[in-house]
Amino acid sequence: MSGAATFAWGALWGAVSLTIVGALTTVLVLVERKISGRIQMRVGPMHTGPHGLLQTVADIVKLLFKEDVRPARADAMAFRLGPLLTAVPAVLSFAVIPFGAPLIMRDLNVGVLYFLAVPGVTAVGLLLAGWASYDNYSFLGGLRSSAQFISYEIPRTLAVVGVVMLAGSLRVSAVLEAQRTVPFLVLEPLGFVLYLVTTLAEVNRTPFDIPEAESELVAGYHTEYSGFRWALFFLAEYGALFAASAFATVLFLGGGNGPLLPAFVWFLVKTLAIVFLTMWIRWTLPRFRSDQLMRLAWKVFLPLSLVNLVLAGLAMQVVAG
Amino acid sequence: MSGGQSMLFVLVGVVAAVSALYAVLTRQILRSIMSLGAFLTAVAVEFYVLAADFVSVVQIFVYVGGVVVLMLFALMLSASGERHPLAGADRPGLGAVLAYLVGGGLVVASLGAGLPEPGKAPAQTVDLLGRSFLGGQLFAFELMGVVLLAAVVAALVVARGERQ
Amino acid sequence: MGTAFLLLPKAGIGLLVVVGLVAASLPGAGARRALVLAGALLLGAAFVVDIGLLGRSARFFHEALVVDRLSLFADSVLLTLGAVVSLAALDGAVAGKDGGDFLLLFALSLFGASVLVSAGNLIVIFLAVELTIIPSFALVAFRGADRRSFEGALKYFILSVLASAILYYGLSLIYGMTGTVRVPLPAQVGSSPLLLLGIGFMLVGFGFKLAAFPFHQWLPDAFEVSHPEVAAFLAVGPKLAAVVALVRILEGLGGQSGAWTAALAWMALGTMFWGNLAAFRQAGLRRMLAYSAVAHAGYALVGVAAGTPQGMDGAVLYFAAYGSAAVGAFLVVALLERDGLGDAIAGLAGLGRRRPGWAAALTVFLISLVGVPLFAGFWGKFSVFLGAVEGGVVWLVVLGVINSAVSFGYYGNVIRKMYLEAPPGRVDKPAAVAGPGAVPAGPGGGAAPGAPPPVAETGARAAAGWSLRTALWLTVGLTLLLGVVPGLLFGALG
Amino acid sequence: MTAVLVLSAVLFAIGLFGVLTRRNAITLLVSVEVMMNAANLNLVAFSRLYQPELMTGQVFAILGIGVAACEAAVGLALILTIYRRYGSTDVDRVRLLRE
C-alpha cells in the first residue's frame, strides 16, 4: 500500500472508530443503567423516549452544551490534555480489532502487543487529569488510578502471553486462525479469568473502581471536570471497556468464528456477552480497599499469571501431540 | 525507503526534534515530561517507518506507558514546590557551545559517511527477533533479566532507606 | 559442552547472587551473617578453581561470553575482592537491618563486573556495564541514616547515566560503521570520521566509569559518603572490569589508529595530575584516598594509551597490583571509623603508638600506592610504564614517574603524622580529635549528622570484629606477597 | 540512511545540551532519555543495513530501552528520596558535600 493510501485508510478508519466509540458509549451507558436497575430491582431511566431509550442521547446533548468549567488554579495545558490522553488510546486501540474478516484496519505483525501497549498511555492521561485539577480528591484519584493501572498491566500482559504461546504469533489474524477448531477458552481457562479480572481493574470498574470510589473520593480524577471534557472520560471508559471485551473475544472466544451466522454478528454477540458480564459483576460485588487491591495484584494475580504460563506450556504440548 | 516513506520520516523527525528541544528547554518540569512523551511517540513512529514494528510497540509500552508515567509520579509526589517554573541557575553558555560542536561534528561526519541505503527490510520481524533472542543473542537476553532484578532491588533499597 | 567447567568461577559469583537473595529474605541477623560468611568462602573456593583454570580459553553462547587469559585473570582479582569485601562487610554494612540486601546488591554488581571482563560483543558489554553500576547506586546510598549518602548517590547516578547514554551512542556508531557487534573490533575497518567519533564517545563513556579526568567528579563524593567497604569495591572492581572491556574492544585496532591513542594519552595525563594534586589538598583520609584512586586510574590508562599488547596487559595488571593496597586502605578507614576516630588526617597523629597494628598496615598500603619496589603497587606501575616505553610514549612515562614522586608527598604526610607526631592528649572524645583539621573539607566523622556515635574505646575495639581484621590482614599479606613474588601476578596473566 | 544519522545526531546534541545546562534532576533524566533514543534510532536503522535477518541492531535497541527503564526506576526512587530530605530536586541546591 502506498503512503497516501495508507494515510487515507487510516483517517477513514479513525473516523469510523470514533463514531463507533461514540455510538457504543451512548448505547452502553443506557444498557448499564438498565441492567443496574434490574439488579437492584428498579426500572432504570424510563422518561425520555419509549422505555427511556433516548435518555443517554439527551444526556449527551446536555453535556455538549454545558459550560466548560475549569478550576482557577488548574494547569490549563494539563487540564486539557488529561481527558484527551485517556480517550485517544481507547479509540486507537480499535485499529487492531477484527470485527470480521476484512473489517480490521491493520493486521499488524505485532497486533496483540499493540493492543496491550497503546491503552497503557491512558495512565498518563489519568495522572495528568488528577494533578491538573488542583484538587485533593482528583489528585488522589489520579495517583491511585495510574498505580492500579500499572500494577494490573503486568499480570494482564502475562495472561495474554499464554495465548500468544499457543497461537505462535502476535498477529491478530493468526490468533483467530489458531482457534478455528477449539477456542483458547478451553485450553486456557485460567488465562481467561485472569484477563477478565485484570481488565476490570484496567478500566477502573467495580470491584476495582478505587480511583473513583464515590464514597471516598467524590468522583476521583474527574471530580473537577464538566461538560464535554467529562464526556471524554466517559467515552474513554466505555470505549476501553468495549475494546477490552472485544479483545477477550479475539483472544479466548475465537473472535468471529462460529456456525451459520456471519462473522461480524458472532463477534458482536460474544463481545456484548462479555460486556454484560462486566456490568453484572459491577452491580453485584462490593469494592476493594486500595491497599487490598495492590496486594491482590502483586501477591495473587502475578503468581497466578506465572502459573498460567506453565499451564500454557503444557497446553502447547497437548496440542502438539 | 520509498519516497513517501522518507518524506514521512523527515516530517516526523522534525516533530521529534522540536519536541525534544522543547523538553530540554522549558522551565516547567511537567511540560518537559509531556514533551518527552511526544518525542518518544514520534521516535516510535520513526521506528515503524524504518520497518521495526516490534521495537516501535516496545517503545510505546516501556517508554510512554512506563518511564513517562514513572517520571510523572516522581514529579507529582514531589510536586508542591515545583508547580511554578524553575528559577534561574541554569548555565546555557558553555553547554550550548559544546553541544553545538558535538552535534555539528556528528552531522558533518554523517553527511560524509556515505553509507549505502538499506535494502528491503524483512517482513517477519517478530519471528526473526524471537530467533535472535533465543539464538545468537540468548546470553544478552538472559543478562537483561539479571539487570532487571538488580534494578528492582536497587530501587526498593533506595526507596526504603529513606524511611528509616 | 566439554568446556563448561571454565564457567565455574562465574558460576561461583552467580551462586553468591542466590545466597544474597536468600539472605535478603531472612529475618535473623545470625543466619544472615552465617550466609555472608558462606558466601565469602564460596568466592574463595571459586578463586581456587579459577587459578586452576589459568591458561585455558573457550567461547560460550554464540561467542557472547569469552573465557580467556584476560578474563580468568580478572576473575581471580574480582573473586579475591569479593571475598575480602564480604568479610569486611560482615560486621559493617551487613550487620544492619537490611544487611541481606547489601549482600544481594554487592553480588549483582560483582556479577556484572565478572560478565564485563568476559563480554564477547557490544551488547553484552553495555548490559554488563549497567549491571555493574545499577546496584552500585543503591550501594552508595546504603548508609541510609546519613543524608549525605543520598546526595553522593545522586551525583554518581546522574553522571553515570549520562556516561551510559554517551557510551550507548558510541557503541551504536561503532556497530553501524563496522557492521558487527563482535569484539575486538575488526582491524580493517578503516578510519571513517563517524567511527572515530563513535570510539571517542565510547572512550568518554568508559572514562566516566573509570573516573578519568575530566569525568571524575562523581568519585570523591560517592566514596566519601558510602560505606568504606563499598568504596573499596568501587575503587577496584568496576574499574578493572571497564579496563578489561576497553582493552578487549581496542585490541583489534592495535596501534593502528593514532587519534584515539592521543586522546587516551591526554586523558591519562590529566587524570594523574588532577588526582594527585587534588589529593594534596584533602584534610580527610577518605577523600584523599578517593582522589588517589582517580590518579591511579590515570596510571592504568597510560598502559591503554600505549596501544601495545604489553601496555594493555599492564593496564589490567595494574588494578590487581594496586587493588590490594587500595582496598586495604579503605578497610583501615572502616576500622578507624568504627573506633570512633573519624577520618581527618590530622586525627591520625600518634596512631603508630595508639594502634600500632593498624598504623603498620596503613603504612604498607600507602607505600605500595606510591609504588616503592618490593610492594605490589610497584609491579603495576613497572609493567604499565614498560608497555608505554615500548609503545613509544616515553614522555608519558616520564610524567607518570614524576607523578609518583609527587604522590609520595601526601602519602608520606600520613605516615609522618602517624609515627612522628604526638597524639593530641589522651583520647576519650573523638570529636575533639577530628576537630580543627576536619572542618574545611567537612567529611569529619564527628561532625556529620549521621556519623556513628562516639563509642568508648573498649567497646569500639570489640565492635571492630574479627572479620574486618581478618580482611585487613589478608590484604596486607597480599600486598607484601605480590610485591615480593611478582611472578605470581605476571604468571597469572600469562 | 543519511537522514537517520543526521536526525539522531541532532537529537543527541539536543540531549547533551539539556544535560549540560539543566540543573533539575528530573529534567536531567529527560535529557538523558533523549540521548538514548538518538542511539536507538541509529541501532534500528543499522539493523537493516547489515544482515537484516539477524536483527542485531533491533535486539540491541530493545535491550537498550529496557536498560533505560531500569535506570529511570532507580534514579526516580533516588530523586524522590532526595526530595523528601531536601525539599528540592534541584541538583545545585542539594549540596552538603564540597569539592
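Letters A, B, C and D mark the chains as written, and numbering starts fresh at 1 in each.
The criterion applied here is as follows: a residue touches a chain if its C-beta (ideal position, glycine included) is under 8 Å from a C-beta of that chain, and two chains touch if they have at least 3 such contacts.
Source: prediction; values computed, not measured.
Distance between subunit A and subunit C, defined via averaged C-alpha coordinates, is recorded as 52 Å. Centre-to-centre separation between subunit A and subunit D, using Cα means, comes to 32 Å.
Centres computed as Cα averages put subunit C at a distance of 26 Å from subunit D.
Looking at subunit B, residues 54, 58, 66, 73, 106, 110, 113, 115, 125, 136-137, 140, 144, 147, 150-151, 154-156, 158, 161-162 sit in touch with two or more other chains. In subunit C, the residues touching two or more other chains are 123, 127, 130, 134, 137-138, 141, 150, 153, 176, 194. Interchain contacts give a graph that is no line, ring or star and is not complete, per the touch definition above. Chains touching one another, given as pairs, are A-B, B-C, B-D, C-D.
Within the complex formed with subunit A, the subunit B residues making contact are 2, 4-5, 7-8, 30-31, 34, 37, 53-54, 56-58, 60-61, 64-66, 68-69, 72-73, 76, 79, 83, 123-126. Taken in their complex, subunit C has these residues touching subunit B: 17, 24, 60-62, 64-65, 97-98, 101, 104-105, 108-109, 111-112, 115, 121, 123-124, 127-128, 130-131, 134-135, 137-138, 141-142, 144-145, 150, 153, 176-177, 192-194, 197. Interface of subunit B with subunit C (complex): residues 105-106, 108-110, 112-113, 115, 135-140, 143-144, 146-147, 149-151, 153-158, 160-162, 164.
The residues of subunit D lying in touch with subunit C in their complex are 5, 12, 15, 19, 25, 28-29, 32, 35-36, 38-40, 42-43, 45-46, 49-51, 56-57, 59-60, 63-64, 67, 70-71, 74-75, 78-79, 81-82, 85-86, 91, 94-99. Within the complex formed with subunit B, the residues of subunit A that make contact are 2-4, 75, 77-78, 81, 108-110, 113-114, 116-118, 120-121, 123-124, 127-128, 131, 139, 142-143, 146-147, 150, 153, 169-171.
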